[in-house]
Amino acid sequence: MPISVVDTPREGFLPDWVDPVHESDLIERRRAIHMTPEVGWCEFLSTARAAEVLSGLGFEVKVGREILQPDYVRGRDPEEAQHAELYAKDQGVPRQLLDRMEGLTGCVAVFDTKRPGKTICIRAELDALYMNEPEDPEHLPTRENFHSMRPGVMHACGHDGHQAVLLELGRFIAANKERLTGKIKFIFQPAEEGSRGAYAFVRSGVLDDVDTIICAHFGLDQPPGTVYTAPSKFLCTEKIDFEFIGRPSHAGMHPQTGRNALMAAANAAINLMALPRHGDGMTRVNVGNLHAGEGRNVVAAHATMQIEVRGANEKIKDYLAHEAVQRCAGMAMAFDVQMKHRVVGEAVDFTPDDSVSQLITVCAKRARYCRNIQPHLTVTYSDDATVMFRRVQQRGGKAGYFIVGAMPTRDGQPIHTTENVDFDERYLTTLYDTYTNVIMALSGEW
Amino acid sequence: MPISVVDTPREGFLPDWVDPVHESDLIERRRAIHMTPEVGWCEFLSTARAAEVLSGLGFEVKVGREILQPDYVRGRDPEEAQHAELYAKDQGVPRQLLDRMEGLTGCVAVFDTKRPGKTICIRAELDALYMNEPEDPEHLPTRENFHSMRPGVMHACGHDGHQAVLLELGRFIAANKERLTGKIKFIFQPAEEGSRGAYAFVRSGVLDDVDTIICAHFGLDQPPGTVYTAPSKFLCTEKIDFEFIGRPSHAGMHPQTGRNALMAAANAAINLMALPRHGDGMTRVNVGNLHAGEGRNVVAAHATMQIEVRGANEKIKDYLAHEAVQRCAGMAMAFDVQMKHRVVGEAVDFTPDDSVSQLITVCAKRARYCRNIQPHLTVTYSDDATVMFRRVQQRGGKAGYFIVGAMPTRDGQPIHTTENVDFDERYLTTLYDTYTNVIMALSGEW
Amino acid sequence: MPISVVDTPREGFLPDWVDPVHESDLIERRRAIHMTPEVGWCEFLSTARAAEVLSGLGFEVKVGREILQPDYVRGRDPEEAQHAELYAKDQGVPRQLLDRMEGLTGCVAVFDTKRPGKTICIRAELDALYMNEPEDPEHLPTRENFHSMRPGVMHACGHDGHQAVLLELGRFIAANKERLTGKIKFIFQPAEEGSRGAYAFVRSGVLDDVDTIICAHFGLDQPPGTVYTAPSKFLCTEKIDFEFIGRPSHAGMHPQTGRNALMAAANAAINLMALPRHGDGMTRVNVGNLHAGEGRNVVAAHATMQIEVRGANEKIKDYLAHEAVQRCAGMAMAFDVQMKHRVVGEAVDFTPDDSVSQLITVCAKRARYCRNIQPHLTVTYSDDATVMFRRVQQRGGKAGYFIVGAMPTRDGQPIHTTENVDFDERYLTTLYDTYTNVIMALSGEW
Amino acid sequence: MPISVVDTPREGFLPDWVDPVHESDLIERRRAIHMTPEVGWCEFLSTARAAEVLSGLGFEVKVGREILQPDYVRGRDPEEAQHAELYAKDQGVPRQLLDRMEGLTGCVAVFDTKRPGKTICIRAELDALYMNEPEDPEHLPTRENFHSMRPGVMHACGHDGHQAVLLELGRFIAANKERLTGKIKFIFQPAEEGSRGAYAFVRSGVLDDVDTIICAHFGLDQPPGTVYTAPSKFLCTEKIDFEFIGRPSHAGMHPQTGRNALMAAANAAINLMALPRHGDGMTRVNVGNLHAGEGRNVVAAHATMQIEVRGANEKIKDYLAHEAVQRCAGMAMAFDVQMKHRVVGEAVDFTPDDSVSQLITVCAKRARYCRNIQPHLTVTYSDDATVMFRRVQQRGGKAGYFIVGAMPTRDGQPIHTTENVDFDERYLTTLYDTYTNVIMALSGEW
């Protein structure tokens, strides 16, 4: 994909009463966030940062079980989270805030203009990835000295940028509150990777008063300055953890009294990979790992598996998930062992509302550095924002999604060495402007 | 096993009032039976022969559901049986007798002396094997022209001899009825091969008045003239048929709507072979065959398997059978198909009553051609006579079993070419004499 | 799919020197063929009919190994074919012709105009399906008394119509030979069902001189009178038979000496169903059937499986076929048994040449009863004509395919009771006219 | 097993020139060893203790590769061993000795009398178990304050006692060297648990000059004071580690490019459990654990399994091990992954030489506290001393084994709470005396 772009920024078209944020503010914020990456359900520092900034700007900030229904917290490792919480306390996060969080990261910040109007919702993701940051000097954080301070953890998916934009948007809202109506709700979601975090918000009810929800993502491998306003074909996926619990016995003396969890799991694994295809579209299944057994001479009494299914649409995904549980339940029965399963992640398909896509188109055209508008993009990944979209749409609200192409380039050519783990910081401005315009269009009185 | 025997027959010791059957009568009967072999549950001609001979001698003969509890008729192929019945009708078996049989082969013939005494039971098996009779001139039936008239079916296990002996025993009883007491009950059992036939007799109650049951078998690979009077370690076995019933679908268009019986069966087969060993003794499992599926492009909707388990004792056998059903039930659940299973054969272990073994020892010693008495022989096969023995012993009766070594030899050497499918006809006399002595010992007034 | 058609035939536009075939001739021929259906590789009567008619019209007809490379004859059951050949002899097919056929059905008939020009090839399929013909009076062959004379076998896929058209086309060519150039080659292919027959023709070289090949099919569930001129997305498929050969042993006495073919096959079956999906497009796998084992107490020494794989394109299909063989080879190794496999059917994807599709469009527009031209149709089945197309295109020739919608209707509504097993006979004329126009366009001097 | 013993010690019968070791010396030594348990291949402290004590007594002590053939060091975890070595250094084991050991624990100590005579070999095991020592005051080490100082590691199998006896035997030999002939060779073997350590000694050749080898074990659940002089039916076992190495790929985007090690391992596990039984005797198989895969959405590229097979004799064990490798190799081929396997443990069956068993009988009768001599005991565990015995016997030497019943009792009743993890310390004397008598019998001049 040879990309050659002219670096002359297009001017944005904001109303003159808007004081556009300086690019440098966005960049500075982003770099600070980039340096302290935290993995899913461990984002105590990030949550605290968002909570403190937005509280200071007049947002009402909620954390903990009020916004996260604990029964639907998916894919959270309690031990890992506990370590992260201790680290955060050590780094100076106030004890009182940590107590309110009840161990659960993420926050919801609402700006209530006190005037009648719509409720708009925008989400940013908090989590980073287990990944070493490249040392290559072509990699901007290396060159510009804002490299991750935590070895093995990195903001490699642009979530640092999304957060930075939302914090600056908060400043915009506070500064222009007199010209706005209704409520603006920001969700800072933990654990987007693995499609884990969104569901607990949905089940807590925080989406239920939303009229319009809009999410966005940097396109790390999309042409810089191109905004995709109606991306579709998000992969539907479900992540499931299985556990088989049998009974140990001495394999030499009493093989007959054991209940072999390893056998149940091994059979399940093979037959999960053999889940039927589907006549209506693409399917995927993967048993990512399987751990079973204890000593060499003991009938294995315990086994775990982490799997995922993907489908071209939610119906296919649900079919696969249902069949997966059926296979495992049968295998458990066959070997007289107990089976447990937990859904630890989910993302669904999504059809954006036309009116929202059109609004995004108009707003993006007015954004700085936007060079090109494309409606369609086939998205080859999952985003559990779709779970939030589904809730809002099911309750009569509207939803939209857009992607801001921000592939890092040098001399108009992609920088291959750091491909897909960084973005061109200029497009923080494009994302910010588009959101600003959207807020003004939906809530503004101009 | 080099065997060298001297061919001088030992004389038997029958009381002088007994008119010993002529060897030639036994041989003639045996050869007639040998020529018309019938496989299990198809023995209409054989049943008719026994019924007619023994009725003529004053036995009360019962057939059909009165003696065979239909719910426990195991391993019977109705279509095959129907063909056999038609063939028997065509061969002149009276319609009235066939009607009484209700499609079920086998008969029970009771000689009631009308005098108080014990009830003795002796069993002979009716069925032959699917097997081509050797054309080798070393093979006696070939040389002497009493070869099976039905290609592919052969009396290769000595059951023709057992029947012949029982029919002549009938003559003995009728001739000597004044010197006998109690009742003598003959069971002509179908389908001993596969351990199928005995159970339906047991469940009909025909064994329930038996004081002593004795069965015998020619030892086709045992030294001629040696009688084993307390063989033990019969293998416990259970034969089970499994059926999986799913739902077909077009494998290209709608793979997801099928319910795959082939997959359930294939998984079951593998995991049956993986049934755990047992700390208390020997186990065996075999999935003998598996037939599944229809067209190449159809999700397979039907599958069958024939399996057997064996164990060192009845408890281990029962454990294996239980686990086998568990595996198959689980696999059926895993693939959302229906599973059916039927026990089609069973044999159990057996400890002969000492008093009966001693009686057999005494009686065999007096039998013509008997050269050697051995108490013990480890039996490496199953005989579902053990199911009858278990019933009699559980109700307080006694049971015994003996084996008459009758390996065919020439010049004192085993005839290898036809090994294990024929017996030396002289030992018909040994078997006959032993039984005669037993009857006289238990029921006689001498 | 509500279809309402006006039954006024559109007139065709043939040049005035053409004497259009009477509809009734086509229908009469079709009905005769319909009554004598023959399954794949058994089409001795059908081959003889084509050979005799076309020889009589001046075609050079070839049969047997000259046109069918025996090593590539796929999915032929020799025993079934032998029975069919005997039946054909009995029905009066000349011995000499049968001898020339060498047991292989199908023929190639070439009309050489002796004048320079292109070589055009048209194919018709000979085979019928194992299927009982519906007795429903709505079903035309039932109502009009040309029902299959062979119970269980039926022309349910329109191949009778294809043959009828080719035979009448032969008459057209013979009658107009003075106005034609080059050669016209007809292939009467056996065993199209299961994608078996085409490959042996390809390997014999009979396609190698072809400049343009065109095939057509009635659309039994397509709107009557609509001609699809560039159908695409044919499913790529490969049909493979697997055989595992182990070693029997007595499962009780010597389980360790057996080599278990059933276990190899059962494991293979499961893991074939678990062949990975493919990132580039649709995959399908099916193990249609599995037959393994002999007696219940014998370690199973023999197993067979019939499988098929399908892929969105030839590359994916080849990937699946390769992996399938790999799985089975590994399983054979794991169980120390022998594995054999044979490809018994194959169809590939196909992109028609634009120039041919355009020609078909022009020619179909001039055909009687043609009401509507559609370029695209996504074909959800396989046709091994694609194997012939691949050969011709690889050697620089051109290929095209068209579908003549011919769903039977009554009062403008589909006849549901006999759906997809018959066609409206009027469209024999449409098919005939389109072919006639194509021949004239490519070989004619008008 | 109700056991009631009278606690009156029988007097031993040692020649009067022998200064019998004081019980308290043995007990003191044992307790010191008990407090510093080390697991297999980590016995640096234990090796150093034996080396230093015996060097000081005039034995020639060898360590490292001279006595342990590194290619046959089985089941050693290099990382674990390295930690143990560092710990030992920290505890004051001389650097020079550690250097000589080359990371390998165990030693061979030879006392050469310089006079002609036999070479006698006695082995003691060095390793302890991963196990928490019971806190129960009934447990002697708890009551008497010689509890393991290393949490999670414990001498629970009596190896501390065996070592103590050998060290005191060293003192006996040194003190009586004038009355002895030939050589006495002590082997301090690491890693007996898991049948790992013996083989490397065998392959180094240290057994090759041995005329008689004798090993012994406390019977932790055998009646105190009973000596079994010819135990047999040791289980033959082989411990094998398998590794499958595939290729990762993104399970959603490119499932087809992965090479799935998890699938290979899961199939292998199931089919290992399904290894056929053996007609000649008992078989066992266990897949103790299986660990496969990395991330949930990655095709699993790595898998490991730890398995063991057991057989009634070495031939059956070898059969199972061979078949196990065959299954895994086939599965690796089926999934196009690499397979590696390593034998990490082995024990074989053993028939003691009659002459040695008789000698042990005589010698044990003269030992203090010996109450009862039993020749036979069916041993239901493995001991890789059998691998040493096989070597010695194959080269014409003789081998014997005896068990000293030493179940801890209180008031003549077994102490159930600490069953099978401790022994009655009085029988250290019995073991010591028996060995002393054996040495005098074989090497002494009395």
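Brief remarks on what is shown
All chains are identified by letter, namely A, B, C and D, in their written order; residue positions are counted from 1 within each chain.
What we mean here is this: contacts are C-beta pairs under 8 Å (C-beta built on N, C-alpha and C of every residue); 3 or more make two chains touch, one makes a residue touch a chain.
Everything numeric in this text was worked out from a predicted model, so none of it was measured.
The chain with its Cα centroid farthest from the Cα centroid of chain A is B. More C-beta pairs touch across one of B-D and C-D than the other; that pair is C-D.
A separation of 52 Å divides the Cα centre of chain B from that of chain D.
Each chain gets one centre point, the mean of its Cα atoms, and the points for chain A and chain D are 55 Å apart.
In whole angstrom, the spacing between the mean C-alpha positions of chain C and chain D is 71. Residue numbers of chain B whose C-beta contacts span two or more other chains: 252-253, 255, 260, 263, 267, 270-271, 273-274, 276-277, 284-285, 299.
Chain C makes touch with chain A in their complex at residues 270-271, 273-274, 276-277, 282-285. The touching residues of chain C, counted against chain D in their complex, run 253-258, 260, 263, 267, 271, 274, 276-280, 299, 319, 326-336.
For chain D in complex with chain A, the touching residues are 194, 235, 237, 239, 251-253, 255, 260, 262-263, 265-267, 269-270, 273, 284-300, 306-308, 310, 380.
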